[in-house]
Amino acid sequence: MTNTPVVSLVEYENAPAQVRAVFDDIMVTRGSDWVNNFWKVLAHDPVLLLRTWESVKEVMAPGALDPLTKEMIYIAVSATNGCEYCTYSHTAGARAKGMTDAQLMEVMAVAGMANETNRLANGLRPPVDVQFTDG
Amino acid sequence: MTNTPVVSLVEYENAPAQVRAVFDDIMVTRGSDWVNNFWKVLAHDPVLLLRTWESVKEVMAPGALDPLTKEMIYIAVSATNGCEYCTYSHTAGARAKGMTDAQLMEVMAVAGMANETNRLANGLRPPVDVQFTDG
Amino acid sequence: MTNTPVVSLVEYENAPAQVRAVFDDIMVTRGSDWVNNFWKVLAHDPVLLLRTWESVKEVMAPGALDPLTKEMIYIAVSATNGCEYCTYSHTAGARAKGMTDAQLMEVMAVAGMANETNRLANGLRPPVDVQFTDG
Amino acid sequence: MTNTPVVSLVEYENAPAQVRAVFDDIMVTRGSDWVNNFWKVLAHDPVLLLRTWESVKEVMAPGALDPLTKEMIYIAVSATNGCEYCTYSHTAGARAKGMTDAQLMEVMAVAGMANETNRLANGLRPPVDVQFTDG
Amino acid sequence: MTNTPVVSLVEYENAPAQVRAVFDDIMVTRGSDWVNNFWKVLAHDPVLLLRTWESVKEVMAPGALDPLTKEMIYIAVSATNGCEYCTYSHTAGARAKGMTDAQLMEVMAVAGMANETNRLANGLRPPVDVQFTDG
Amino acid sequence: MTNTPVVSLVEYENAPAQVRAVFDDIMVTRGSDWVNNFWKVLAHDPVLLLRTWESVKEVMAPGALDPLTKEMIYIAVSATNGCEYCTYSHTAGARAKGMTDAQLMEVMAVAGMANETNRLANGLRPPVDVQFTDG
């Protein structure tokens, strides 16, 4: 409804050195020449900015799961929580990593179904089957 | 806190033919000899039972995403929504499809981080960057 | 996982007069001889107890909607939020007002479907059609 | 903040036969000459489109609950989840089925109160009363 | 996406006496000469308007917690729920009570971290330690 | 419903050095001789364990807000999300920092009211007042 953020966007030009260092690392890590608005609002708290960026970088790096799978999980959670900004930013991120529209639609289908059955279970309260908690 | 479901568990022995047909299909599809409690509470409404099972079967089948990736998205959504039953049932389902503990922990790490940044964005309201909505 | 509440249950015998008056009104209004645990934990703050009870009584009274419809909306919201206590208490309340199991299952079916399509919309972000906002 | 959907709107003119068949059924079922944007984004996955439409049609049909009651439950869940699109579309749907503003305001009042007491219970954790789980 | 509310804004000029009395009390209590849009939509149900205003006034008054602490809790909850309107209105309210940007950023940091660890706990399900429930 | 965690508890005795170092720091930082179960499940991923602990330690340290205020915000978010474990652990944490029952009840009252008005706003969609976004 409004396009005015709750705190102003901290632009590179006016950012303190601590913030510029994070912005630089974001651009280098992504091979990009711009920083998206999410980081510009976090920059009001350089400690929060740094911790969040370092955490996201660590969590989204290749590991037991590949980065695209991680982005798709991020999309599913963001849609579940109704975060508009995150839905756009992580869908763009996943597409940059090769996600097709067919894959996006399946992410949505699974997220939608999970949200449905989560409530059927939460409303009818079946006991957890012992088979699910056996060693 | 309680182990009593909101509606009783419909057991195979006492189930009408319509319900037994779904229970049979669940067991055949999974190569299993038992039906978990989620379906036994849904069985109070055979139409709901059938639709939910057919939908889950369709959504979770191999497609643009493989079944294990889908189970991991399901887990991330279920943890986000705080659905205890679904967390246990889909973690068991993912393990049966080969998910390692290392993969589970990364699913949690991504889901946790997404839940955190979703709220940073929802609270500070950065405008969606035009780069994310360009064709 | 635990049955110990976060604050102790305030029992009628040990309750101050202000709390007893609310407990009495709960029992008289419901034609019941006991007070459920929700009110016993709220009783640690008599002002919160009184306001919550008066508000619930006012909201759930017959109006443009009948009390059973209101209880079913309450169940759908409680399942959506994953509130175990509220799911049991309001399902019991709705049954006391005549809700059948067939009706309960349809409440769940609608709540489940709404939770699913809510996420499909939140993830794919269709613009709100002008037909929906026309006067 | 943005009016650009995450995936483009599939218009009838450019839709494959499979999608047109669903769009036609939506218009016939509703006695309407247009299809709202929700279905146009789902149309990127014709299988998802068909299943979601068939499910919604089945769930929202008259049964143990009448269609208006179902729409009002849908509104309460959509407001709880913060789904902007669904709030507008289902409020319009309910009004088309005769919902008055007085009824809408009571739906909101009940949904609001449920969201409040859900958190009071989730934060203070009263044990579920045995009276609520007795047969 | 749209700026049209679901119900029209009830302006003071056209409001019935019951509504004007609440609007007057809002302005007097706040030492303000205008009423924000939240109350103008609630005004379609004067009973809901009055109860909500009286409740908010009572809850947000100085007590065991000071009003600024209460506003910051309100912001954290609103960000968690993704309520755009409430995020803007309560951030403005907290700033009017003296909240600095540094405090706002810490509210966000705590809310973000809580949302993350809530899901780690909901997904991995550690048992509640007995030390937390001891008397 | 079940007391079995999704992954086993990693006990100090069997923990690798990397995990023991974090457990030691938790106990030293808290002046405590035990580690709660949340950290024992995270220990399956030492990198996640370390990052989460370092982040929580940083976020909850005294800053623009005092530690007790932060714990109370944590409780409000945890109740909003329905996280049982976090509700117990952070209520215990806040009490250890001096939170009284009167303060806890007010945290709940504010969280409950916020959850209510969040949905009234999300369902009725008042436009954000320009007064809230003015510089």
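In order of appearance the chains are A, B, C, D, E and F, and numbering begins at 1 in each one.
Definition applied: contacts are C-beta pairs under 8 Å (C-beta built on N, C-alpha and C of every residue); 3 or more make two chains touch, one makes a residue touch a chain.
Being a predicted model, the structure only gives us computed values, none of them experimental.
Considering every other chain in turn, the ones in contact with both subunit C and subunit D prove to be A, B, E, F. The chains that touch both subunit C and subunit E are A, B, D, F. Averaging C-alpha coordinates per chain and comparing to subunit C, the farthest chain turns out to be A. Shared numbers divided by all numbers used gives the overlap of an interface; between subunit D and subunit F this overlap exceeds half, so the copies present the same residues. Compared with subunit B, the chain whose C-alpha mean position is the greatest distance off is E.
Spacing of subunit B relative to subunit D, judged by their CA centroids, is 20 angstrom.
Centroid to centroid, with C-alpha atoms defining each point, subunit B and subunit C lie 26 Å apart. Within subunit E, the positions touching two or more other chains are listed as 1-4, 6-7, 52, 55, 76, 78, 80-85, 87-88, 91, 102, 105-109, 111-113, 115-120, 122-125, 127-128, 133. Residues 1-2, 6-7, 44-45, 48, 52, 81-83 of subunit D touch subunit A in their complex. Put simply, subunit F touches subunit C in their complex at residues 1-3, 82, 84-85, 87-88, 91, 101-102, 104-106, 108-109, 112.
Listing the residues of subunit B that touch subunit D in their complex gives 1-2, 4, 47, 51, 55, 58, 127-128, 133.
By the touch rule above, subunit E contacts subunit F in their complex via residues 2-7, 9, 34, 36-38, 40-42, 52, 55-56, 59-60, 63-65, 69-70, 72-74, 76-78, 80-81, 83-86, 88-92, 100, 102-103, 105-107, 109-111, 113-129, 131-133.
In the complex of the two chains, the subunit E residues touching subunit B come out as 75-76, 78-80, 82, 84, 87-88, 107-108, 111-113, 115-120, 122-125.
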